[in-house]
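The structure that follows is given in the form of structure tokens.
Order as written gives the chain letters A, B and C; numbering starts at 1 within each chain.
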Amino acid sequence: MSLDKTLKKLSVRSPWLFRINAGSCNGCDVELATTACIPRYDVERFGCRYCGSPRHADVVLITGPLTTRVRDRVLRVWHEIPEPKVTVAVGICPISGGVFREGYSIEGPIARYLPVDVNVPGCPPRPQAILEGVVLARSIWLKKLGLEE
Amino acid sequence: MAGFLKVLFRNVLEGPSTDPFPLGETFTPDRLRGRARINPELCMGCGICRHACTAGAINITPLSDGSGYTIAIWQNSCCLCASCRHYCPTGAMSISNDWHGAHPEKEKFSRLEQHTIKYEPCAACGVLMRPVPAALARRLYSATPELDPEQIRHLCPQCRRQEDAKRNAGTIQVTTTETLAARELTSAAPTTY
Amino acid sequence: MTDTLFAILHMAIFPGGIFALTLGFFYKSLDRRVEARLQRRVGPPLIQPWLDAAKLLTKETMIPRTACRSVFLLAPVFGFTGMAVCAAFIPVPGVYAGLSNMGDLLVIFYLLPMPAIALMLGGSASSSPFGALGFSREMLLMLAYETPLLMILLSVAMLVGKSLGAESSGAEFSLLKIIAWQQENGSLGFNPAMIPALLAYLLFLPGTMGVAPFDVAEAETELLEGPLLEYGGPLLALFSVTSAFKTFVVTGLGVALFFPGTISSWWPINLVCFVLKCLGLMLFSLTLVKSATGRFRIDQAFRFYVTVPTALALCSLILVWVM
């Protein structure tokens, strides 16, 4: 196996997470925080780390239904994230609009603007479901690198 | 800071309390609200669930040939409020504790709880209708033991009304016109101009 | 010629280069793991820093359009070079004597702020307002923690210099001689006059490593990692390698200054002993403090460094002067 392939194979074991709040009610953000802060759901076991800068991110967790006001900011921050990246929609709002669907200020679902890779439905999803989503994102990342798991 | 050190020391002694979840099993409470389920045996297609659904996740479409209807819950829009379960008159809606939801994007629109329910012909007149669920019919007619719930549940509302009229025809008490006239009016007399 | 070759070998393999990198990454992963244990979590695997570095090498590098390109690209290299050279000056008691036998303490003192300067350069070159804020905070913090460090080094040098008397002129800035003196007369960490200096050094460590409660410059929640905001990919990997080197350098310097005692004449035992001493120093003054405290504001951090560690180091300096 070549060095490049080895590096790529190892790289999925260090997915750094980045949160984007696209007008969320904060319910899903709290659940995201629990995955890192509550010892029961320790997301650091998979080498994850919530990073502050979009430049360091590999897995983007988007919450919220994409309101008109944050749309351009969300798209701008999303494009700042270096490739290869995996986009995870957390909660029903970014997936389908949820309870806010067809509201006057809602631009979502987010798949209209961004290529979403993984959906984690729930209102909010259980922390375990988010962990499941992160693990699924890892396998999709591997596929994006051209390596099947 | 000294208090913190005590806590840290205790934490080291007690060891990690991490759930082994993606690598092992996790604990799921029985009453956890996960995927919504429909029992096609019980659903009457009344549409109250669609009306009550906060997130607009429930859709009921009649089949094009009028032979039934399709009821669907889109899990990706369900906000787990359980209003459908609360308002369903027949108890067809239930919320299971299955919370495994993460799925890749291409499965987004296939995550449905969907049932196509066919109408049945009425036993008497043959018009297409949805029979009353057996359990519900037993409960409804428990006060009138002379009726066979299994038989009456296959009748359409029209035929059921006729059956009822035939059955009750002899028992209705008819008051004579004399007694009616003898009675005094208790309400105010209609105004005449 | 042979001296130069040996110096390069020392920088590339032992104690700089590969050895320092392995040890630094090992300390970093152990730091995360121990912190996780202190919080009743499991924590990442021990090879996690290697995986992170491998991941960063496969990511694309993005350079902001408005950034000063050359400085932005050279800043991490600058910090890395400084630390790679500095690591070769760290003596491993009983194994390796250091690159020079005179004045190397001063060289280390000048090389030690290199990663912080690289961070400041990179942050200001990135043209990001967060980078500029991080730059100003990093500089303020550096001014605050360099003063006690100078006093600590001076008190150690003066104590040894006074004891050696005629051989040196007042102060002894050779780590080799400082270690030799301590191996004869007992470690400075147990010397009553030097205990304040040791405490000051322990307080200096979290500041120079930029970990809580002194991670004001790279605060990820308020400054989005400050100067590192615009860095990604291999450049960020270089910063993490520099940080690993720096962990080795500051803990190794602490061991050399305060606990250089050896228990055997056989070098592998001395090496293990050195590694364990560095580890103890790191776990005590970085991990434990990090998991028990929150983050200071920049003014609080500055005030803390110009009062407590400076006073402690000054105390040692005066004690050495008087005795």
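Observations on the model:
Assume a contact is a pair of C-beta atoms (placed from the backbone, for glycine too) under 8 Å apart; a residue touches a chain by one contact, two chains touch by 3 or more.
Here the structure is a predicted model, which is why all the values come from computation and not from measurement.
Interface comparison, B-C versus A-C: the pair with the greater number of contacting C-beta pairs is A-C. Nearest to the common centre of all protein CA atoms is the CA centroid of chain A. Centre-to-centre, using mean CA coordinates, chain A is 35 Å away from chain C. Taking each chain's centre as the average of its CA atoms, chain B and chain C sit 67 Å apart. Within chain C, contacts with two or more other chains are made by residues 36, 39-42.
Across the assembly, chain B contributes 16-18 as residues in contact with two or more other chains. Residue positions of chain A with contacts to 2 or more other chains are 39, 42, 45-46. Those residues of chain A that touch chain B in the complex are listed here as 39-42, 45-46, 92, 95-99, 101, 111, 115-123, 125-126, 128-133, 135-136, 140.
Touching chain C in their complex are the following residues of chain B: 1, 4-5, 8, 11-12, 14-18.
Residue ranges on chain C touching chain A, taken from their complex, read 32, 36, 39-45, 48, 50-52, 54-55, 57-62, 219-221, 223-225, 228-233, 236. Considering their complex, residues 4, 6-8, 10-14, 16, 39, 42, 44-47, 50-53, 55-56, 58, 80, 82-84, 145 of chain A touch chain C.
For chain B in complex with chain A, the residues that touch the partner chain are 16-19, 21-22, 26, 32, 54-56, 74-81, 99-105, 108, 111.
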